[in-house]
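Structures incoming, each one as structure tokens.
Heads up, the next two complexes both have chain A, just with different partners, chain B and then chain C.
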Partner chain A sequence: MASKPNSSGRSDDRRIAVLLLALPLGLLAATLIVPMISAINISLRDIRVIGSDGPFAGFDNYARVLTDGTFWHALGISVVWVVGNAVVQTILALTAALVLNEKFPGVRVARVWIILTWIIPTVVVVIIWRWLLSPSGGMVNPLLIQLGIIDRPMGFFASGPAAMTSLILINSWRWFPFVAIMLLAGLQRIPNDIYEAAAVDGAGAVARFRAITWPLLQPTLLVLTVMGTLLSFNVFDIIWLLTAGGPAGGTETLPVLIYETAFKAYRMGDAAAMSVVASVLMIGLALVLLDRLAPKETGR
Partner chain B sequence: MRFKGQSLAGALALTVFGALPALAVTDVKIWHMEQPPHRVQRVQELIDAFNAANPDIKVSQEPQSWGEVYAKVPAAMAAGNAPDILFAIPDFTTVIRKAGQLDSVADFVKELDEKHHFIPATVEPYSYDGGVWAVPLYNMSLNFWYHKKAFADAGIAVPTTWSEWKAAAEKLSKDGVVGVGLPANKQLYTDQTTYAVMVNNGASELFNADGTLRFDNPKTVESYAFYKDLYKFSSPDAANWTWGEAEACFASETCASILQFSVISTYDQQGGGDAADLGVAAVPHADGEKSSSTIAYSNAAIILAKDAAKRDAAKKFIAFLLEPENYGKFLNMEPGLFLPVTADGAKSTTFWSDPLVVKYKPQVEQMIANSHAGMLFGFTGGHVFPAIGPISAQNILAETLQKVVINGEDPAAAVKAGQAQMIEATK
Partner chain C sequence: MKRGPLSWLVLALAVFALAFVVLAPMWLVGTSSFKLPREIINRVPTWFPHSFTLQHYQKLLQTSAFPTYFLNSVLVAASSAFVTVILALMAGYAFFRLEFRGRDFLYRLIMVAYAFPSIVILIPIYLMFAKVGLIDTDLALVLVNVTFALPFSIWMMRTFFASLPRELEEAAAIDGAGRWKTVVHVLIPLLRPGIAAIAIFAFVASWTEYLFASVLIISDAKRTLPVGLSGIIGQYQIDWGLLLAGASLSVLPVIVFFAFVGRWFVAGLTEGAVK
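Up next is the complex of A and B:
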């Protein structure tokens, strides 16, 4: 029979817990809270070039940013980017996860193979896709011409909508395997007995998916939705390397605008104000998603 | 005991004699934007030669990208990690000067001028506010490059006017070939091609003499409208182009012609290398204009080092580069692209004896001739307008062009918005 821990033992445990938490919390404070305070400080000053000083400007930077159409345009582009990625990645990942959850020869290899796109460095992804989509020498245009879908080479980044669609597909191609693996883990946690009982009751594949798979995947989907939204919103590298926010601002998401404002327009104060507003929006969105999508506790 | 004493003496000697040279070496870090591997290699060869001749100085290079350097240098300066020598162009120099405390190099330039005789036009863009802020290193100008055979087969003469240019581009655009490769990216290359069109329509001045903006004028609007007409015959992915994509398009003969500083290296390595088929001419001018102009850059070296020893070492390296024997090798890191800024450099045997320069001598001579009619936005009419820095950094010329050719905005409205954006940028 295990002995009941006494109060001094509990106190020691608490001390150890505090000590163990101190390091990660300290690191978080140093790497997150300090820069955030610094960003808020910069956002209240008229600082142009990074590293230079500037006079206190109150909320002038916020007023300028929030009344400037560029900010709202970039926010709109960010929404398209986040929603587009969420939809495409969820469809691709769910399909892949359902297939990989089945038993068929080579499934183990397929489960490893699928994560290859996810582990390729962004720069390599960019080079691969720029080459594939190039109208002069790329492979995709001749293929589409051969299939009769287009009659002449097209520019996949030639207009705002085309560039945004291409970016979403490329980013989804890269990230859906990660989502698929997470969903696969969720699928494998669903007890087989439930499916067997449903099958005995005469439920078909679609009915089993609607009544069992989909509801029981909700916790995993919730985590993925919150995480995916925040991660997608903050994506900078692939957009910057493929289109740099162009053409004509067609893919200029908020992170890209913030970078350009800070380092090309040399308006550090404005960029910091945008960052603070974006952070507040993201925190708010995360709280709303957690509140709305989390399974509600039922009274006992 | 004796052995121990000898060991100690030996260790002391090693420490003293081993450490002394290390202590005396002055490190000089260079940032330049000449990223292609063969250029980096040529710069390294010159650095190695300099380091070997100057054991008390250790020069090293860190190639950067034009796309990022406008952001990176002010950040590096703020972090105290800036290079000692920074290669720059005139508008970028105004940005650097605003971001940090630059010291004038007027005396050093004067000293070099007495020895090598700078072409005055290459020093002027760096001379303002009572100082000279960089040492000119090389000149470059934009040219009209074309495949002679493609033009001959289509029965077209080399265009000299806009109407001829447009007709040629239209006629050459068939069977997967684009008549003229023109970019529309929000990037420096598009700034350059846009300005090259503007200067050929009498729209070279972005500023009035009093420093106010005059970008929004009928000549600029006409230039943007013409670019839009011509862009119809460019590549479908040109909205994403930088210099490399244009050169690749030309080398693969997908582009019958392009506007580019030089294509010689790429053409020689990837485009067949038939010197007789490579045409270069001045950028065509508007029908109402009498002669062609182009955009020309005097590239220079800024000395960012503050430490006296580092500044002296940096000057010594720059002086080494401008010695005619080294200078020819330096310019030929990209044969034909970089043109001399000094009188003795223009006669350098190492410049003219390079195998590629020998092979493409007529083209190089034509490029030098074209460069004589070169202009640069913000540095025209004998004036220097430092306000050009943020305008160039934000690529407002190119952004305005994107509004016209990609979004289909009316050129007059886009140019008006462009001027408003420039005013905002320079506040």
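Up next is the complex of A and C:
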């Protein structure tokens, strides 16, 4: 933010700022901050009936949740989910961004419409891929057989690992264009003359990528890694609608477990305790990532 | 830099692969929604339809609740987009045009909102809304959608405010236009690309939202598209034709909307590309 001293009176600015920010900040406080505090309160209570406050239970919910294997199992699944998505999306998005950074006929249109998979509703993503991967009429099995990758139709959601792989690929399909657009912005901030100088010095495309593109893209990648981790941890609908956490809990990430605990088993206190632990973990992870990866940024 | 034929070939293949990954699934779904049922579930799928029928669309529009879901979604998404734009403009002006103590702190605080898993606030919001009677109302969904779209919208506003020289507003002020007049006649017209970007973002986010809509809405008549459509998945014994038609029609509004203002949205996303 440019903080040029304004010629108009500051006291005036302050009064107007309060007026303007009252509504937006008030809404965010009411729908984000109050619920977060309330989540902590709920996690300390034993709520049996919806709408009643329930007696104070101290850390009982936390103790029960943290000693139960399902929480740790779901946390493990969430780690696989987040890491898998980060790897697949980074590779796909970087490739796409490098392509879109080139000049070719139609590139301007491509830079806008690549994001198509991100603007369609997740439930449509679910319908698309359930059908494409289904044994009846789905295109993916015949295509893979034609390409010689598999020799007979496979069940993409038949086992835990298969279902997890399918889910990661589907979610990455939805998100990689978004990441690619952000990476493209990072690529375009790299001055062109550096590449030209390197080319004059005889550096090939691969050498240029390793010496210029990759290091200069680090700040953008860092922000996207942190953002992507938080976003993919949060993903619920794709998993819920495709596998509902199955088969046999093989894709039951923490958000799925929390949802089931709260709205299928109606154990609000336990679910709130789990979500509080999850937030602490996520915020901690974001801080660690920023701290660990940030020093590279100084090379900018 | 000059490009050799090999380099062109690699680029062409990469562009084709990219287009295929993004567009092939859409093409298959869109065209298959016009195929006869037996062609849709054929063991050997077809890239180009061999048959043509409107029966899936007929069934969708006449015998399913799809039209209701669709209208509900339009109402909720349009209201959410409208409210988000107004609030983001207010906050944007305060953050990027005014000087006051605690400005940077408040701005960062808003951005931190995304660090919290949305599932955390789902339970308290549900209990809170149950107490004040907001469960099963469109207002509940609008409130939630605006909450999730607002921080990112304010962040996008930053680019668009930064692209406008303050001199313009100062010139208007010298000409004797008051602050309010300057905003309405100078600033808002120039901010149109930013407004478009935020509107599409908030619209798309609401159009897609499933989790809160599945919990906060109870009656079938008030369901939005994502929840309604997912209900159709389970309700019928996988009627793919119906689902593919539903999927195609659900994508249509965002594509039309995006065709008009998509480039501003991408510009807002990438910062600085605005001219």
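Assorted remarks:
As a working rule, the second predicted complex is superposed on the first by the 254 of 300 C-alpha atoms of A that agree within 3 Å, B and C clash if a C-alpha of one lies under 4 Å from a C-alpha of the other, contacts with A are read in each partner's own complex, and residues count from 1 in each chain.
We adopt the following convention: contacts are C-beta pairs under 8 Å (C-beta built on N, C-alpha and C of every residue); 3 or more make two chains touch, one makes a residue touch a chain.
Just so it is clear, the structure is predicted and the values come from calculations on it, not from any experiment.
By the document's definition of touching, of the two partners only chain C reaches A:17; chain B does not.
Once chain A of one complex is fitted onto chain A of the other, the partner contacts of A:156 are limited to chain B, with no touch recorded for chain C.
Contacts of A:263 after superposition: both chain B and chain C are touched.
Of the two partner chains, chain C is the only one touched by A:28; chain B is not.
Partner contacting the larger number of chain A residues, of chain B and chain C: C. In the superposition on chain A, A:137 makes contact with both chain B and chain C. Shared-chain residue A:280: touches no atom of chain B or chain C.
Contact with neither chain B nor chain C is seen for A:66 once the two complexes are overlaid on the shared chain. Counting contacts as defined above, chain A residues 50-51, 130, 134, 136-137, 259, 262-263 meet chain B in one complex and chain C in the other. Looking at the complex, you find that chain A touches chain C at residues 1-8, 10, 13-14, 16-18, 20-21, 23-25, 27-28, 31-32, 34-36, 38-39, 42, 50-51, 95-96, 99, 102, 104, 110-117, 119-124, 126-132, 134, 136-139, 142, 173, 177-178, 181-182, 184-185, 188, 195-196, 199, 205, 227, 230, 233-234, 236-237, 240-241, 254-255, 258-259, 262-263, 268, 271-272, 275-276, 278-279, 282-283, 286. Of all residues in chain B, those touching chain A in their complex are 67, 70-71, 74-75, 77-79, 95, 98-99, 176, 184-187, 235-240, 248-249, 252, 254, 390, 393-395, 399, 402-403, 406-407, 425. Chain C contributes residues 1, 7, 11-12, 14-15, 18-19, 21-23, 25-26, 28-29, 32, 40-45, 47, 87-88, 90-91, 93-96, 98-101, 103-104, 106-107, 110, 113-128, 130-131, 143-144, 146-147, 150-151, 154, 158, 162, 166, 170, 173, 179, 204, 207-208, 210-211, 215, 225-227, 229-230, 233, 240, 243-244, 246-247, 250-251, 254-255, 258, 262-263, 265-266, 269-273 to its touches with chain A in the complex.
Looking at the complex, you find that chain A touches chain B at residues 49-52, 130, 133-137, 152-160, 163, 242-250, 259-260, 262-266.
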